[in-house]
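One structure coming up, written as C-alpha cells, with questions to follow.
A, B and C are the chain letters, set down in written order, and residue numbers restart from 1 in every chain.
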Amino acid sequence: MGAVRETVDQVSSVASDKYKYGFVTDIETELAPKGLNEDIIRFISAKKEEPEWMLEWRLKAYRRWLEMDEPKWAMVNYPDIDFQDAYYYAAPKSNQERPKSLDEVDPELLKTYEKLGIPLSEQKMLAGVAVDAVFDSVSVATTFKAKLEEAGVIFCPISEALKSHPDLVKKYLGTVVPYSDNFYATLNSAVFSDGSFVYIPEGVRCPMELSTYFRINQAQTGQFERTLIIADKGSYVSYLEGCTAPMRDENQLHAAVVELVALEDAEIKYSTVQNWYPGDENGVGGIYNFVTKRGDCRERNAKISWTQVETGSAVTWKYPSCILRGDNTTGEFYSIAIANNYQQADTGTKMIHLGKNTSSRIISKGISAGKAQNTYRGLVSMHTKSKGARNYTQCDSLLIGDECGAHTVPYIESKNPSAIVEHEATTSKISEDQLFYCQQRGIDEEEAVALIVNGFCREVLQQLPMEFAVEAQKLVGISLEGSVG
Amino acid sequence: MSSLPESKHPFVEFYGPKVETEGDSLIQRLRASGLATYQTLGLPTKRWEEWKYTDLTSLSKKSFSKPVQYSGDVSQGPLFETGDALTAVFVNGFFREDLSSISDAPAGVAIDSLAGMETVPDWAEQVLASSSAPEDHSVLALNSALMRDGVVLRIGADIKVERPIHLRFITTATDDAPNPSSFLRNTVLVDQNASVTIVESYKGSDDADYFTSTASQFVVLESATVRHIKLQKEGVGSTHLATQMVSLSAKSSFGGFYLSGGSAVSRNEIHGTFGGEGAHLQLDGVFLGAGSQHCDNTTFVNHAVPSCTSSQVFKGVLDEQSRGVYQGQVTVAKDAQQTDGRQLVKTLLLSDQAEIDAKPELKIFADDVKCAHGATAGDIDDEQLFYLRSRGIDEVTARALLVEAFLTEVLERLEDQKIREFCQQQIVSWLDAHGRGARNVG
Amino acid sequence: MLEIKNLQAAVDGKQILKGVNLTINAGEVHAIMGPNGSGKSTLSYVLSGRDGYEITEGDILYKGESIVEQSPDERAASGMFLAFQYPLEIPGVPTMTFLRTALNAQRRARGEKELDAVKFLKLVRGKAKELQIKEEMLKRPLNVGFSGGEKKRNEVLQMSLFEPTLAILDETDSGLDIDALKIVSDGVNMLRSPERAMLVITHYQRLLDYIVPDQVHVLADGQIVRSGGKELAKELEDSGYGAIVPNAA
C-alpha cells in the first residue's frame, strides 16, 4: 500500500523472531496492474469467469465507492492510504489451473501452510477440520469436500460458488452487508477476490468444524475476501477463521466482508483468531484490518455467536454485529482484543434488536500494553417492536504500563420499555501484588502476566473450540511479550 | 452580518448593542471570538458526535424576540421557596434589583449583576477566560457572543456562606417580546477554603415559545467546597441550552445536582476539569420527560491531574413520547494516576413511545486508575410491581411508589435536607401529572 | 540455611529495617514477634525480593549465598516460600492451573523435568486431602471468593506442594477462627523437618501455641531488640510489648 513509512531503513536491522508467521513464500505470482479503475474490476471479474450480474454489482459498488469518504470516527490514526498504489489482484501462478487435489498444490504452498500449522494434511483433517485456505486473493484448496458433500453442505471458494451455485449466491450476497454499506465494505464489494462460501441445508448439523486460513503473502497487495455463510432452517455450523501475514515494513490493507444468514432455528458460531502482522516494536509495518462482519438472524429462534481473539494488525477497525430480526433470536459477541507496542484497535459490536424476545450478550476484554490504544465501541439498539428483549454487556479493560490507552464507547439506544439493557464496564491494571504473588511462587514476570491476562480473558477463551482455545492462550502470552519489565 | 444563510445562524442579528461601550475589554474580545466561532460552526447538527442524539434544527425555523428588559409584574411565583436565601432574580435575561435581595450579602460575599457593573473586575475576566469547555463549542460561543446579564459572584477565602445563594431566572412573554430569548452568563469564583451553596432555578411561561441560553463558570480554589443545584422547570414550549463549566483546584470539592423537568428541548452540559490533586467532583441528576419533551444531560469530566475522584449518578423517568439522553465522557490523562472515576445512568421507560439514548464513555491514558460505568434501561420491575399489588396496592399507586423508589438512590446523594425535600416534591407532582394520571392501567 | 546480616531496608525512601541480624539453621523454627509497624511484613517482603523494598545495607545469605540480586521467582525456585498475610485473588485463573504453572516453573528453573498432568493431579489430590481441602475449591479461580480460612489453607497447600527449604509465614493466623487455625497449624507442623527452616511472623502469641518455635525474636523499630526461647512469647503475652519495647502499645 501507499502508506509505506519513511522509517523503513530503521527496521531492516531489527531482528524479529517474535512474529513467527513473518516469512515470505517464494511463489510465482500473477498480478493485475497496480491501481483501481473499472478496467481492473472487469479484469478481476473476467479472470474469475463471473456471471454478468456479478460484474454489474461490482461496478455499481465501485461507482458508489468513488463518492464515499473514509470513516474517521474511530480512535485510530494512520497515514492516508493511496488506494491507487496497490495491487487488487494477486494469484499464485501455479494455481491458474485450480488444483483438483492436494497433490496438485504447489509444494512450496503446502510448506507455507505447514509453517502456519494449518491442518491441511490428511491426518489432521481426521481431527475434523475442513479447511479452505485463501492465499493472497484466491482459494487454493478446500479439503474434506466429499464428506461435506455427503451431508449436503456446500463449502467452497466463493468464486467457485458463483459458478456452481450462482442462484444461492445471488439470493444472499449483499443482503446483510449491502454493497453501499460503508467505505471499506463498498470497496470490498467492487474488488473482492475470493473468500469462502458455506451453505448448510435445512436440518443439517454440519458434521465438522469448517475453517479458513487467510494469508497475505504478496507485497503491496490488498486482501479483500468476502465470506458468505447461510444456515438454512434448523441447521448448525461452527466456522473458524485464522489470519496471518508476512512481516513487511509497509502497511497492507485487509478489507474483508463477512455475511452470515441464519434462518429459522439455525445457529452459526463464528470464531476468529486474527494474528495479522502487527508491525514491529516501533510501529513500522503491519496490516490495516478494516473489516465488516455482520450476521442476520433473519427468522425466529436463530442464533449467531461471534467469538474473536484479535492480537494482530497495526490498525483494527472491526465490529462483528448481529441483526436480531426474527423473534426469539439470539446474538452473542465474545471478544479479546490485545494491543501492544504501537497497535491501535477500535473494535466492538452492534446488537440491533428488531424482533420480540430477542436477546444479546456482549463480553469484551480489552488489553492495552506498550504505546497501544485499544477502544471498545459498541451499539445496543432496542427498537420499538423488540418487546421483551434483553441485553447484557460486560466490558473490561486491562492496562499494562502507563503509556497505553483503554477506551470504552458504548452506545445504548432503547425505544421499548419492556426491553432491558444492562451495561457494565471496568478498567483496571494488573496489580503489583498479583505479580509479586505469582513470582513468589516461582513464575517469572512474563509468564505471570500471561497467566493473569489469560485469567482476565477466560470467559471469552471458553467460547472457542478446544484446539483454537489452546492456540489463543499461547497467542495471548506471545502478544504481550516485552510489555513488562 | 453574515453571508451564510441565516437559518444556519439564528440569533446572529441580536449581536452588537454593547460593542461600542465595552471597547477592547476582555469581554468584548470574548464576544467577538464567540461570534466568529459561532458563524464558522453554526448550530450543532446531529452529524456532530457530541450532538448525535439532540437535534437543534427546529431552532433555525423559529423566530425569537430580541432580548429586551421587562420591568412589569411577574405573575409566576418562585419555583423554589428558599426562605432565607440571598436571591438574585433575572427576568427575560436581565437582572431585577427590585425583586432581589443581594444587597444584604454578608461580608466576604461579593455579588453583582454582569450588566449592572461599570467595569468587570479582573478576577471575573479571568474566570470568564478560563473556560473548561473546548474552544470549538458553538452553543457556548453563541452564549459568549450574545451574553447580556448574569451574576458575578465571589466568595472570599475562608468564608463559609450559611445562606444558600439562589439565582432565579424567569421568562415571561410580553407584548414587546412574545417569544423571549435570554443569554445569561454567570461567573463564580470561590476562594481558598470557602464554602457555598448555589441554587440556579429556571422557570417560564408555558404558553410562549422561548429560548434560554445559559452558561455558568465556576472556579473553585484550593480546599473550597461548592454545592450547586440546578432546577430546570422551563415552560413546555421552550428550548433551554445550558453549559456549566467547573474548574477544580487541589483538595476542592464540587457537588452538582441537576433536576430537569421542563422545556420542549433541553440540554444540560457540564464540563468539569481537575487542576489540582485530591479534588472531588460529584455530578448527579434526575431527568423527567413526558409529552414530546427531549431532555439531554451531557457531561465531560477531565481528570488532567492525579489523585482526583469523580462520581456521577443520573436517573431518568420517561413517559409518553419523551426522549432522554445521557452522554458522559470521563477522560483520564496520561499522568493522572490514582484516578477514581465512576458513572451510573439508569432509566425507566414508562411508555412504548419513550426513548433513551445513553453513551457512558471512558477514555483512559493512565494505568493506575479505577474507572467504571454502568447503564441500565427498562421498565418497572414486574416482580416488584406484583409484590406491591399482592399487598393490596393498586397498580397506579404501586407504579408511582416504585418510580419514587427508583429515584431515591440519587436523591439520597443530596445532603441538604430542604433541597432534597423540594426535589422530592417536584418529582411527586410530576408523577401526579404524568406517571400516575397519564398511564393506562392494564 | 538463612543468615541475615545487618539488614537495612527502605520503602519509598523511608527506612524501615535498621540493621536486622538473624541466623536460622535447617530444622529450626524461629518466630518473629513485634508490635504493628515494627517492620515484620517488610522483613518478609525483603527476604522474598519484592520490588520497591530497597536494601540500603547488609546482606541476606541463603544456603550460604547472597540472594539480594535475585528476582522473587529465582528465590522461589531455590526453595524460598512466603505464605502471604493476605493471599491474592487472581480472577479467571483456576487454582489447579496456577499450582501447576508454578510448580513446573520452579522445576524448570531447577533443571528438573516438568510433571505431566496425570502425575500432577495425583500429587495435588493427595496433598489436598491431608489438608481437608475439597477438590471443588481447586477448580475455582485462585482465591476468588475463598473465605479467610480457605485462603490460608490454600497457602499451606502450596507450601506442601512446593516443598520449600525455607518457609516464611507472614501473620498466618490473621483472620482465622480457632478451628481454621488448628487445621492450618497442623498442616504447617506436618511440614516441619530437619531439612527445612521456618520463620513465623506474628503479632500474637496465640499462633505459637500451635506452631511451637525453637527461638523467638522481638522486632521493634526495624531491629531485633530481644531474643529468647519459646517462653519469651509467653512473657510478651503476659506483659505486652510495652514492657520490652520502649514506646510500644
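Please note the rule applied: contacts are C-beta pairs under 8 Å (C-beta built on N, C-alpha and C of every residue); 3 or more make two chains touch, one makes a residue touch a chain.
These figures come from a predicted structure and were not determined experimentally.
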Chain located farthest away, centre of chain C as origin (C-alpha): B
Innermost chain, taking as reference the mean of every protein Cα atom displayed: A
Between chain A and chain C, centroid-to-centroid distance (C-alpha), Å: 48
CA centroid of chain B to CA centroid of chain C, Å: 57
Distance between the centres, which are taken as Cα means, of chain B and chain A, whole angstrom: 44
Partner chain B, residues of chain A touching it in the complex: 73, 382, 384, 397, 399-429
Chain C-touching residues of chain A, taken from the complex the two chains share: 431-434, 436-445, 447, 451-452, 454-459
Chain C residues touching chain A - in the complex, by the definition given at the top: 48-52, 71-73, 75-77, 81-82, 84, 87-93, 97-98, 101-103, 105-106, 109, 141-142, 158, 162
Residue ranges of chain B touching chain A (in the complex, touch as defined): 49, 334-335, 337, 347-379
